[in-house]
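The first chain written gets the first letter, and so on, giving A, B, C and D; residue counts start at 1 in each chain.
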Amino acid sequence: MNTFGREFRITTFGESHGRAIGVVIDGLPAGLPISPEDVKRELERRMFCHIPALNPRCEPEEFEILSGVKDGYTQGTPLAIVIWNKRVISSYYDELWLKPRPGHADLAYYIKYGVHYDHRGGGRASGRTTAAIVAAGAVAKKLLAHFGIEVAGHITELGGVEIGSEYTFEEVKKCWEKPLPVVDDVAMEKMLEKIREAVVAGDSLGGGVEIHAVGVPPGLGEPHFGKIKAELAAAALSIPSAVAFDWGWGRSLAKMRGSEANDAIVLREGRLALETNKIGGSLGGITLGEPLYFRVWFKPTPSVRKPQRTVDLGNMKPTVLEFRGRYDVSTVPKALVALEAMTAVVLADHLARAGLVRRDKPLS
Amino acid sequence: MNTFGREFRITTFGESHGRAIGVVIDGLPAGLPISPEDVKRELERRMFCHIPALNPRCEPEEFEILSGVKDGYTQGTPLAIVIWNKRVISSYYDELWLKPRPGHADLAYYIKYGVHYDHRGGGRASGRTTAAIVAAGAVAKKLLAHFGIEVAGHITELGGVEIGSEYTFEEVKKCWEKPLPVVDDVAMEKMLEKIREAVVAGDSLGGGVEIHAVGVPPGLGEPHFGKIKAELAAAALSIPSAVAFDWGWGRSLAKMRGSEANDAIVLREGRLALETNKIGGSLGGITLGEPLYFRVWFKPTPSVRKPQRTVDLGNMKPTVLEFRGRYDVSTVPKALVALEAMTAVVLADHLARAGLVRRDKPLS
Amino acid sequence: MNTFGREFRITTFGESHGRAIGVVIDGLPAGLPISPEDVKRELERRMFCHIPALNPRCEPEEFEILSGVKDGYTQGTPLAIVIWNKRVISSYYDELWLKPRPGHADLAYYIKYGVHYDHRGGGRASGRTTAAIVAAGAVAKKLLAHFGIEVAGHITELGGVEIGSEYTFEEVKKCWEKPLPVVDDVAMEKMLEKIREAVVAGDSLGGGVEIHAVGVPPGLGEPHFGKIKAELAAAALSIPSAVAFDWGWGRSLAKMRGSEANDAIVLREGRLALETNKIGGSLGGITLGEPLYFRVWFKPTPSVRKPQRTVDLGNMKPTVLEFRGRYDVSTVPKALVALEAMTAVVLADHLARAGLVRRDKPLS
Amino acid sequence: MNTFGREFRITTFGESHGRAIGVVIDGLPAGLPISPEDVKRELERRMFCHIPALNPRCEPEEFEILSGVKDGYTQGTPLAIVIWNKRVISSYYDELWLKPRPGHADLAYYIKYGVHYDHRGGGRASGRTTAAIVAAGAVAKKLLAHFGIEVAGHITELGGVEIGSEYTFEEVKKCWEKPLPVVDDVAMEKMLEKIREAVVAGDSLGGGVEIHAVGVPPGLGEPHFGKIKAELAAAALSIPSAVAFDWGWGRSLAKMRGSEANDAIVLREGRLALETNKIGGSLGGITLGEPLYFRVWFKPTPSVRKPQRTVDLGNMKPTVLEFRGRYDVSTVPKALVALEAMTAVVLADHLARAGLVRRDKPLS
């Protein structure tokens, strides 16, 4: 199942060291402006080339929009994007063949797909495949922009360092000008230090991120099984290494009493609003016109230089794996960009489901 | 969107104070034994009548299986279950009409559905509607049992009281003999005390639960968007009041380094296994033959006796709501049973998707 | 797969001699007026009680709307309708058990579902189950009416008698006042004669029908696989006994040259239009604002009194079946009403997909 | 909606004169042998280069398999195929811009997509896009072959010439060695003559085809809405220019009495079988182990050299279109290959749905 969404739907394909990865985006209205620059910008945000520990093989992506766009506007037909894989030398992976790397999907893929699975670079399970998701997100974000919706995320935790709790949406958007998208400068410096330490230790780091969506119209989301929070949770847990999800104040709400957890309903500029929005912008799975926000946590990159115990599938005997390739010390920054993209896809889908995107005629 | 699942799919319907709630279960093979007792047992597990604070209006459910079963076996056709609503006196709710209760879905439903939404008892957003999910789960569990799969959950946190970390799957199953399904007796007593305190205070409690699924075959789950963890997250966040999800060790993994977080791959009785299974039983979204487990947190019941600020939708002026009806001091125990049910539905769906459930002929 | 549709979707359940049949309708906006009368009227149109040969066991349907409606308007939540089965005496069917009736689904169901299938009255494959579809169609038609769309059908062929080709949409609607909905009185009398002959002969009749949909807005339908004609074909062939489908002039177009088959594009009252609309109102699978029309053919009722050869599944030896029960001499009239219903469902779905049905707020 | 299928699903993209067309095939098991040759062969079958009137711009397709295959076997991940469009000179189409060609999808696309639609070569609605379907069919056929299922079609009618009714499945397969795949030599010669006449007349021809599927296991198909005939009808009507569908004997059955139309149930080599299989191999929408067969009719190519009336969308005045480009005198032969492909996709999907394709482990 490599398709996500119902009315705005993306279908991804591709393995890390195959010919290409890509995505087909279906459900777009005609008349939405899209340029290769829109896709390029998002793909570049995912690169983090300025911090080599986060992307040791940094090279610009080469991609093509194969269909669905004419003279800079969507046609209303499927928009296919192919991102070419570099002619990488995969020989290093020969050594890993039949030696599943702990924490990676190797073991699972071996069980499910047998010897037919492409283990090179992680194959279909590679973090690289999220580039296709990011490309789709670039298109979804353009649709959201048409409706005045903005999605932006930031890093809230890395290597155990957590940010403080005071910041605005403007600060979240602005922190992308820093080396790491962290609203809290002190925390960011500590995170960078943790990255340096991990490089030296030959180890890796996990962390957490937060997504905000502002301008989301009220009335999106469906009972029982199309709740906006449920579909965002599915979207989030689809990203490699995601292990936890908090909607609004999340787990903290579970520790409160009802009288503390409830958001009072108030009038703000004549409009019904939540006084505190601890609940993350939806009730009963349906949006209220309040900002949506949620957090997602990712485990550390499974690739580390420390020796790890595994089983040699050739002789079914225990063995020790010593990884000598390059790896991202943390995948959290790239995963954040992918999560923004998936969030945009979910919201675009719900705009269409609710009838806000007319598709019997071009977008006006 | 009141349908969940692809090959094993459930479609729910019904409002809290309407004529009935119910579910249609599609995708069953023929030949699975099902009796009304199977459904009754699960519906009763959800009641918690022995603790009146958790269910002040305790009455047995009256339900009928309308189709899909013949002589105690599934026919392979849709199995519809209707659960009749009691002839409840809804007049109390007249007072709440146009006064959205903070923390409830009232405000969202008013925005989306206008005056047409049935606010009585929470309408479609009522926790009561999870009874239909539990009925579907009873059927899904029978299918899982045929494949040797067991699903069981327990309460891990209530009103801020958390259990310790040492317990077995047998203890999880056995703890349903206690007043509350809590593996840790000391914690359970404290939770019961918290419930008593909340009753006195006219307040409510949130908490957390954990689900285990044992006997799940390897190879279930699909890249990119049918990951077992992603679909379980969507299932979990579909349950009213759910606000957080942890897969395996979840958020704790995000604080570790890779060398700590990775599970070594070992041989156990000649079979490939994870030494520690911190990752919750899947890699790359695909099952390994290891037990699956995850945690979900729920916010406290929004209904409390303390006065709460809201807006009178009749005159669009602020007002204060004083709830005087009965309410569940915590919905966590009922939500746990619904979560078991949704877990069973997800696993049944993945068994079918993977081809383990033959549907060209009866189950043998 | 007992669910049809994507945004406006129906899920049916029930066997002919089980407790009930029914349908859950999902995707409705809030605020659509619906009364039990709307459903009753359509169910009655399906009965044809005035011609006993078409419905020898004529009894009014007893049904309930279980959810989704409040004070005469849809709530925006699933609308479930249950139609109770009469306490029929099924003992006659004991004799048929393990003697699959030629032309019925018995053999197929025995293969797929084994002894678990409910053969009484045809079980899940019974024409009776189309009553649930008709109930759903009643609701779909109300949504269409809101958008000014009308769907009406008539019988074009019965027992080999065919109507002429000159008639208007008004005549199609009006012919429901006659004993049989046939625009051509001479043909109707011949059809009634064919029915009488078939009763005497203990045999049955097939035939064909035509559906018109007027007021359908332009721009509905999707390339490649959501073509309006493709989804109507699937809807039509879902009805028991359907064996052929013609879109527009259908098979006749295949015998023409391009210069004859093409419809000239003209201006009609300043609007782009087809001069002749031989193509049935869509091009490339997309509606043009022209009326849609198509024909569907049904095989004769498989039940006949003439002896028929089959195999006794008990001893796997050939046997001869002599059916002695009552049967509908032709299912074409009932099938026509079911086809109108399915057409309404498809169009309602496409209205929603295209964004013409807003579902973030009630219908205005 | 450019995705078809549930468990075996194809997603197509691309416009006729854009960069490329293509398809993503999802739901494949791992371990199915696939070579570029398999795809090439099917693409070539679609070309009919030896009859220039059927393909005046004949050039071999250039395609690439971008993902999902490793060392000649499927990986179990999405298999993406891109077919590059030639650098065609589209200037001819400049003249057609805003002059919708009668019978083509131009008018519909203009209504739905406005000026954003790519009219060159028919854009997304071009018959060319069926090459992507044929590529997907090549892969689906390989999966069918693994299960011993064969799909083959032939032309039954062209330009009004119809074949006789006596032929075997072996003859159907073998007739692909002839200039046109027609079992009846006399009819084929007449068809070729009709083609020559149409070339001279500057006109075009419609026709009909028949598909046979042999070796289909019993028990595939689902009540109510996954009937094998309903999904094949949808698949058929998805192909450009398709206008009619007959299941089994189709419309002829509608003229019979029940006693004539029913197929007696007999024993054949100890197996339950239909004596005559007039019904096309399924009952109640479920396969019986009998061969499936159905017919589909296509209207003539809309492009003809004769002047045709249309409206100039620039000034909204009537105008006459004189097409001077090259065109396929009949699209029936290409459509036949696309229909074979869609049939293979439907059957592959139903194999997977029924659990015959295991996807928790590689194909053995």
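As a working rule, a residue touches a chain if its C-beta (ideal position, glycine included) is under 8 Å from a C-beta of that chain, and two chains touch if they have at least 3 such contacts.
Every value quoted in this text rests on a predicted model; they were computed, and no experiment measured them.
With respect to chain D, maximal separation of chain centres occurs for B (centres as means of Cα atoms).
When the C-beta contacts at C-D and at B-C are tallied, the pair with the greater total is C-D.
Distance between chain B and chain C, defined via averaged C-alpha coordinates, is recorded as 38 Å. Inter-chain spacing, taken between the CA centroids of chain C and chain D, is 27 Å.
Touching two or more other chains at once are residues 1-3, 6, 12, 77, 111-112, 124, 218-219, 223, 353, 359-361 of chain A.
Interface residues of chain D, counted against chain B in their complex, comprise 6-7, 77, 217-220, 223, 352-361. By the touch criterion stated above, chain D contacts chain A in their complex at residues 1-3, 9, 11-15, 18-22, 24, 26-27, 30-31, 64-68, 70-71, 73-80, 82, 111-118, 123-124, 359-362.
By the touch rule above, chain A contacts chain B in their complex via residues 1-4, 6, 12, 100, 102-109, 111-112, 124-125, 129, 133, 157, 159-160, 198, 201, 203-208, 218-219, 221-227, 229-231, 233-238, 240, 242-251, 253-259, 261-267, 270, 272, 275, 279-280, 282-289, 297-304, 306, 308-311, 313, 316, 318, 353.
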